[in-house]
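Below is one structure, written out as structure tokens; the observations come after it.
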Amino acid sequence: MKYTVYLSGEIHTDWREKIKNAVNEQKLPLEILTPNTDHESSDECGVRILGGEDNNFWKDNKAAKINSIRHMTALQRADIVVVRFGDKYKQWNAAFDAGIAAALGKSLIVEHATDITHPLKEIDAAAMATAENTEQVIEILEYLCRDY
Amino acid sequence: MKYTVYLSGEIHTDWREKIKNAVNEQKLPLEILTPNTDHESSDECGVRILGGEDNNFWKDNKAAKINSIRHMTALQRADIVVVRFGDKYKQWNAAFDAGIAAALGKSLIVEHATDITHPLKEIDAAAMATAENTEQVIEILEYLCRDY
Amino acid sequence: MKYTVYLSGEIHTDWREKIKNAVNEQKLPLEILTPNTDHESSDECGVRILGGEDNNFWKDNKAAKINSIRHMTALQRADIVVVRFGDKYKQWNAAFDAGIAAALGKSLIVEHATDITHPLKEIDAAAMATAENTEQVIEILEYLCRDY
Amino acid sequence: MKYTVYLSGEIHTDWREKIKNAVNEQKLPLEILTPNTDHESSDECGVRILGGEDNNFWKDNKAAKINSIRHMTALQRADIVVVRFGDKYKQWNAAFDAGIAAALGKSLIVEHATDITHPLKEIDAAAMATAENTEQVIEILEYLCRDY
Amino acid sequence: MKYTVYLSGEIHTDWREKIKNAVNEQKLPLEILTPNTDHESSDECGVRILGGEDNNFWKDNKAAKINSIRHMTALQRADIVVVRFGDKYKQWNAAFDAGIAAALGKSLIVEHATDITHPLKEIDAAAMATAENTEQVIEILEYLCRDY
Amino acid sequence: MKYTVYLSGEIHTDWREKIKNAVNEQKLPLEILTPNTDHESSDECGVRILGGEDNNFWKDNKAAKINSIRHMTALQRADIVVVRFGDKYKQWNAAFDAGIAAALGKSLIVEHATDITHPLKEIDAAAMATAENTEQVIEILEYLCRDY
Amino acid sequence: MKYTVYLSGEIHTDWREKIKNAVNEQKLPLEILTPNTDHESSDECGVRILGGEDNNFWKDNKAAKINSIRHMTALQRADIVVVRFGDKYKQWNAAFDAGIAAALGKSLIVEHATDITHPLKEIDAAAMATAENTEQVIEILEYLCRDY
Amino acid sequence: MKYTVYLSGEIHTDWREKIKNAVNEQKLPLEILTPNTDHESSDECGVRILGGEDNNFWKDNKAAKINSIRHMTALQRADIVVVRFGDKYKQWNAAFDAGIAAALGKSLIVEHATDITHPLKEIDAAAMATAENTEQVIEILEYLCRDY
């Protein structure tokens, strides 16, 4: 059985590459959607395309809104939303995506280390699986793709 | 004009009391909904009511799910969702509530200090107002309640 | 905080009375909705009102459809749906109600004894709480009603 | 006319194979979706992938949630949901799927023997057809696929 | 238990009065909504308020649109939609209302004489009850209102 | 621009063939969906597949429900719903389909002779076009398909 | 029958007062919602409450977003949305509100002079009534409120 | 990543051709949908196909309704809706489309010159990007299509 999967969240490690490699090697019937994972162009897109801003609030606002077009399209199109929380940064955008996914009725898979279980309890409680590493996420996806 | 308002997010300062006081003093036609703001009972409710757990993951899971009944009812009933981000803790639950509110089509007001604008840019971009303090939130609510 | 609660499921014990008594004694701000708990009129309503049937399939069909008007109105109106599974009968209607509640985005509380956990795992997995007895359900409701 | 069909319910007989064979032999334009029909991996997937649990409740919970990703995707994608009730086991998951299907506005076909009509009356009342055997289900599907 | 009920369909007999009388006499907790039952003002409202038309198509169009404001508000607000088919006129508006009610997920009760069962089979198939007379409709409503 | 079109309503003339011929000849990018237009199998499908009934009400009920699977799938999948009213029969099923189409937000095109404008005014008022003959329906479809 | 009515659009004449006066004098069961009709505070609310902006784009943006909280709450709560187009200004916000109202399934009444019929044809085509003056709007509302 | 894009709004300049050329030259994975951009046939389609009208209101009404079939299909199918406001005409239909797009949860990109910022502030406030020219719109689309 095939699925569309959106890989949201942390963009500073190669976890998305691991999943894409597994999809390719195992020929899993998954359409993979991602955010812009290039941090620099993600932050700068607003002022580069639409003109500079003196105030960083508006610089961020213009970028975040343009990126939201990609995020919202991916969230609405996905059957499964995977959100990875890393060990750095605030990652409120990842939690925000998880909230949108839950409210849209998408199946949520969360990946994070066990030492941040307590602050992520509300998101884990809405998730269909909480994985400790990307290998577990891949195993879940492989399991879900099997035909019977 | 009257509104139902859910005050989500940070629970370690008295910002909700400030809003409630303003509502009472100015007789604003606002129904105010809140999460459980008692940290201890919020964390312990699952194991206290439904029985203990050896693993903290499941302790947290049981509590978060019971609390989600209140959160989801409030989010669905609200016209306006106010989410305050403080200067402590991960506050992923606040960002998660903001995502649910946005996806449900609720009007979102975010309150946070200016030094955390960058990590909150996705949430600010979905908000109808970004306030720097609770006084501004109160002014917005007062403005919205006026009759014409 | 107030809620509308639909008490679905098993109708052969007095669990609903326990909840209603607690609501009255503790003055909980809960609107309680119930199915027809009178087994005999529930089964006979179709043929009594709309005329007899030779085939029991159609007798049951007419009754189930009339009763569904009450069930669907209650499920759509409720914030919280409590479904109790007892130790007798097939109780597929209770599981069916739980599925409707989950798909409508209602908060689901399931009550059942621990020896039927395995066959109820899909429903428990969609629930916000799994209680072992009615006292626990009452404690959850009391906890959710507190004002802050 | 083509349809997407989800075959939910009982997994201990070969009824799905009969339908798939008919689809192949008659070249019916049906996309067939199924749950995991391998009972053992369905029960064990949670602890195998995400780690063991001392308490069977949580073992079941982890498995049921992972499997729900497949179930919910299939239920949302289907035009028609067929639910078969056999003569063994509690089958509350089948009734739960039927409830989700009904609430999502999917066309429901139920298959069961006539001796369990009474406890299934609520589900039959929401169904577009109640079949006594898989041959009848196949006839309905064949009839619906005809072009005019 | 209380309900909001919209009485759609035929406007040339006193069936709505019978229901309203029963509601009053039995003090049933029902909010009753009706279309404009005054045939003349219903047909003329468009040209009277908004100006005359040479072409009857537009005269009818203006009236039907103004009346649809009432119909759509009632259909969206109702828990139960009762549609009566009489023995005169085309009554396509009654069938049209039944379709809207079904698509909005409202509980549909249809009343008609048995000699028009065949052309009404699609509407009866979507209904939760098919009554032969208004007394049966009243009995169903009375039954649904009982408290347990 | 391409569309999916459901041709509902009257099945006793060759109007659907005219539209299909135009689609083929002009190579219009339209996916055409139809109900079962074979009156006899449409009426008999319930009892043929699922077993006979003594009471014609249930014979009709079984057929109408099986056929509704096709109708509801087509109505949900369509961008445009065309409903033709002829000069014979009650055609309440056509009006019922029009109501479902309107409530689902589908674009409705109605075709009927001018002498039945008055009883169809509510349906015409919800339609995006009222055609007097099939040639006009074809012209509308051709116009809508043009690329710019 | 009672309705909630949102009076959107032009704010430079006293048309809303005329409607409110009629409601009061005739004791019509209408809940009237309005935007902020004080042009100055509507334009300035963003910078007054949340701080000044050098760029008028952001000044307007902050005001428009705060005002949208009121607009969206009113549009979602209303049964009927009345939009008046005057003879001055661009009034794109009025047309924007009309689009939201139409997409939310609200009954739309448009008021405008006949000389701007052509550019308003898309909005008139989605409306349930096009009035030439406020007296006609009042007559429609009075007509819709009658009890039968 | 691929998107479906509806290019609504102004039809008197070649801005859509610029976007289509960029899509072709850069092989962007975009499905482009447009309204009828031929002003004359857009205005005349109603009376040409369905018969003449003495009153221009009805001529416009018939055309606008036929065209709405294309507009609504495009708006519902699109991930992104681009609305361009030019320097001529009332363009209320463009603002109306923007309102529908916003209410349907589509990502809105608005293009207009800076001198009409104030009257467009409500629409800009609902947009994910406000571009000053078509080149900026193209840059945004190109940026959103990148694969990671």
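Observations, loosely collected:
In this document, chain identifiers A, B, C, D, E, F, G and H correspond to the written order of the chains, with residue numbering beginning at 1 in each.
The criterion applied here is as follows: a residue touches a chain if its C-beta (ideal position, glycine included) is under 8 Å from a C-beta of that chain, and two chains touch if they have at least 3 such contacts.
It should be emphasised that the depicted structure is a prediction, and the values quoted were computed from it without experimental measurement.
Chain pair A-D has a twin interface among E-F, D-F or G-H; that twin, with over half of the contact pairs alike by residue number, is D-F.
Different-residue interface: chain D and chain F share under half of the residue numbers found at their contact.
In this assembly, the C-alpha centroid of chain F lies 37 Å from the C-alpha centroid of chain G.
Chain C and chain D, compared by their mean Cα positions, are separated by 24 Å.
Centroids built from CA atoms put chain G at 30 Å from chain B.
Chain E has its Cα centroid 43 Å from the Cα centroid of chain B. Those residues of chain B in touch with two or more other chains are numbered 65, 68, 105, 130. Across the complex, chain D meets chain A through its residues 16, 33-38, 41, 45, 49-51, 62, 65-66, 68-70, 72-74, 76-77. Residues of chain A touching chain B in their complex: 56-57, 60-61, 63-65, 67-68, 71, 85, 89-104, 114, 116-126, 130. Residue ranges on chain A touching chain D, taken from their complex, read 1, 3, 79-80, 105, 107, 109, 127-132, 136, 139-140, 143-144, 146, 148.
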